[in-house]
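Per-chain residue numbering starts at 1, and chain names A, B, C and D are given in the order in which the chains are listed.
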């Protein structure tokens, strides 16, 4: 019988190795897998590459992971936000590497990794600083940049509801990067607010089919902060 | 006020021009926009390129459109199926052009067209007859083929439910190519079995957001044949 | 010397937003950038249904919720609490940016540091700073929407033109903008460059040209 | 001369399907091709939950419905009426092939005309025919699934080997297959080529080698 639920965050994060690329869902405070990020801090993996839309705020969560010197590199679209003090300081000190990616290219690169597309062309960023060093080719009369898939060793995802097969549904803007990161992670770990009892989530309204999910932990976390 | 419903199939297909590329949803008999295909036969556009998974069966629908000499070319993954007699005869007589595309590449090319990705690499078909003449490049140690987006001038889609904003939901395996063709069509025309009254389909379970849809006609068509 | 003293009345932020809103037809799908563009939503005439897209996965974004009615799970790309209108929908980031990059938005309204006479837009990075760059969805929006309109102050705080011959700031996208709404004017960008459509009340062409960094053409 | 007369018992179609099913562990995500592969689903031991994927947008495909219980909207990639098991889901074709091409399926079981000692598979086209080619999802499955197993007759109807040194039929994918189940044997494909794992009851190595178009190695 398939049952992807594990009993604890520690169990959910077992085996995350040093040097891993970790995809972290969420946009702003919504849909962010806070308990799993805390768990990753506990778990101890270091030399991480973190892929997330933002670069953490305050002294908790991603910011704390960075403050502890565990993040070698961050890949994101918008590292500068209210309260991203830890990142800013590490960046200015040259102690963290930054790969800045347009938000749509970030989303598409993650989806590509999940879909078996190793590379694709896009008009976004052509003719800008972010296209430097990249292959450019014209399509339909406009220059397009070649971008690579962005797979993760681990994806950390927050869902609103999950069933034992790992099927997921989200709540309003909590969907954001979570479904595509679930696709792009080699090991996809989910914290869910609610559990859907058998026979599981209605097959017509599953957003992330269980095939993309490896482990689920039930964390009735409550409302996002902010 | 937005209201994408039109009163007739004729109105739904107004303006489809000769030489158009027409994307036709459905897999087998399920999710096939039969009334719109019949409407296209009536409407008269010719010299069409049809993109569909199959090449029609019997003497009706797509097969009839081909029989009437209105289809210059068909792009599909599996033209040979039980009853695809019209296509087979035209093909053997050299009176229809065929572009054969692996089913996953077909789906990805349609989705790419809708997503603004002009071209992408895929391992599918590398080292086979279907890669002949295509650019090949190695990624992760395996050869990959460069494939182009496949946009449509018109997309014909069948939905289970639609609201006045053009939001769509489908029924079980009737989903198939419909959502990605809706994305890929410059003019996307939908026949729907049911109408969702205001305030429309629950925003959490919309499969095709209305932004991808131009016209909707209510056709309580009934069960797919077969 | 205030603008009023030289005899014309520049538009305020709300007036600029209202001016943009007036040009958005019923039924359009529109993404609004941060700042003045966000204000545009409040000025859409009530007889028009305009569907607002937010990058983080919303179509049909509505106004801020009333006090006590906040859904903490429902934010927009600016991370503000919002509401969803009837007919709206939720989707993930790849689908959201497919709408943007796939050419499905009728319009995107953006703020900018500079816009050039060839349609180039610079709105994401400041030159020569040691801070981390941050691009968000700016490049996707500038490249993907069917029309890109910019709304911004006509000049910088120290009077330098923001409408220029060629952008000095790092580009967001080349040749993307087709119309600019400023506190002083409405200007189209055509093959010929900047074409004046409208001026603030009391303003004259010569004064406007003086504050603009590239030739202004009168509308034919 | 029937196989039975030479002293061994080739497996029938259901036996071949059952033999494959025996090797599929609990919890795997599996796509089953048309023909004998489809039969595999009926032989999964009841204590194992194996999730069957169908290209046309189903996970958790169940058996054919009982008479009178047909849902005409629910078909599989072979266009047969099927059912959906608890825990299943529906999705569109791009998502469905993302599962295949993105390496999310543990296993795909395919039929084939030929399999070569280097793992090449030919299962979509017959050489020198004037009929239209038809590929369906064969190439995507052969390239995308984590493991590709083939189930087929060991030889053609006129006794020619289907396990060959090099495919004569047009390739579906190079180097894709890791195991072949035939009516005569179970054979792994390794760096060394064909490695014999199991023979049909009563069959001897020499006879099997004779019917195989490339060297057979004994399992170490």
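To be clear about the criterion, contacts are C-beta pairs under 8 Å (C-beta built on N, C-alpha and C of every residue); 3 or more make two chains touch, one makes a residue touch a chain.
Since the model is a prediction, treat every value here as computed from it, not as a measurement.
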Minimum number of chain-to-chain touching steps separating chain C from chain D: 2
Pair sharing more residue contacts (C-beta pairs) when B-D is set against B-C: B-D
Where chain A and chain C are represented by their mean Cα positions, the distance between them in whole Å: 29
Distance between the centres, which are taken as Cα means, of chain B and chain A, whole angstrom: 33
Averaged-CA centre spacing for the pair chain C and chain B, given as whole angstrom: 35
Where chain D touches two or more other chains at once, by residue number: 84, 90-91, 94, 97, 100-101, 144
Chain A residues counted as touching two or more neighbouring chains: 108, 111, 115-117, 122-123, 170-172, 203-204
Chain pairs in mutual contact under the definition given at the outset: A-B, A-C, A-D, B-C, B-D
Residues of chain C defined as touching chain A within the complex: 54-58, 71-77, 79, 84, 90-94, 96-97, 100-101, 125, 130-140, 143-144, 170-174
Residues of chain A touching chain C in the complex: 27-31, 55, 77-81, 87-88, 91-92, 98, 100-108, 110-111, 122-130, 170-180, 207, 223-224, 226
List of chain A residues in touch with chain D within their complex: 1-2, 111, 113-117, 163-165, 167, 183, 198-201, 203-204, 206, 209-212
Chain A contact footprint on chain D (complex, rising order): 26-27, 29, 49, 51, 53, 59-60, 84, 86-91, 94-95, 97-105, 144
Contact set on chain A toward chain B in their complex: 108, 112, 115-123, 137, 139-140, 144, 169-172, 203-205
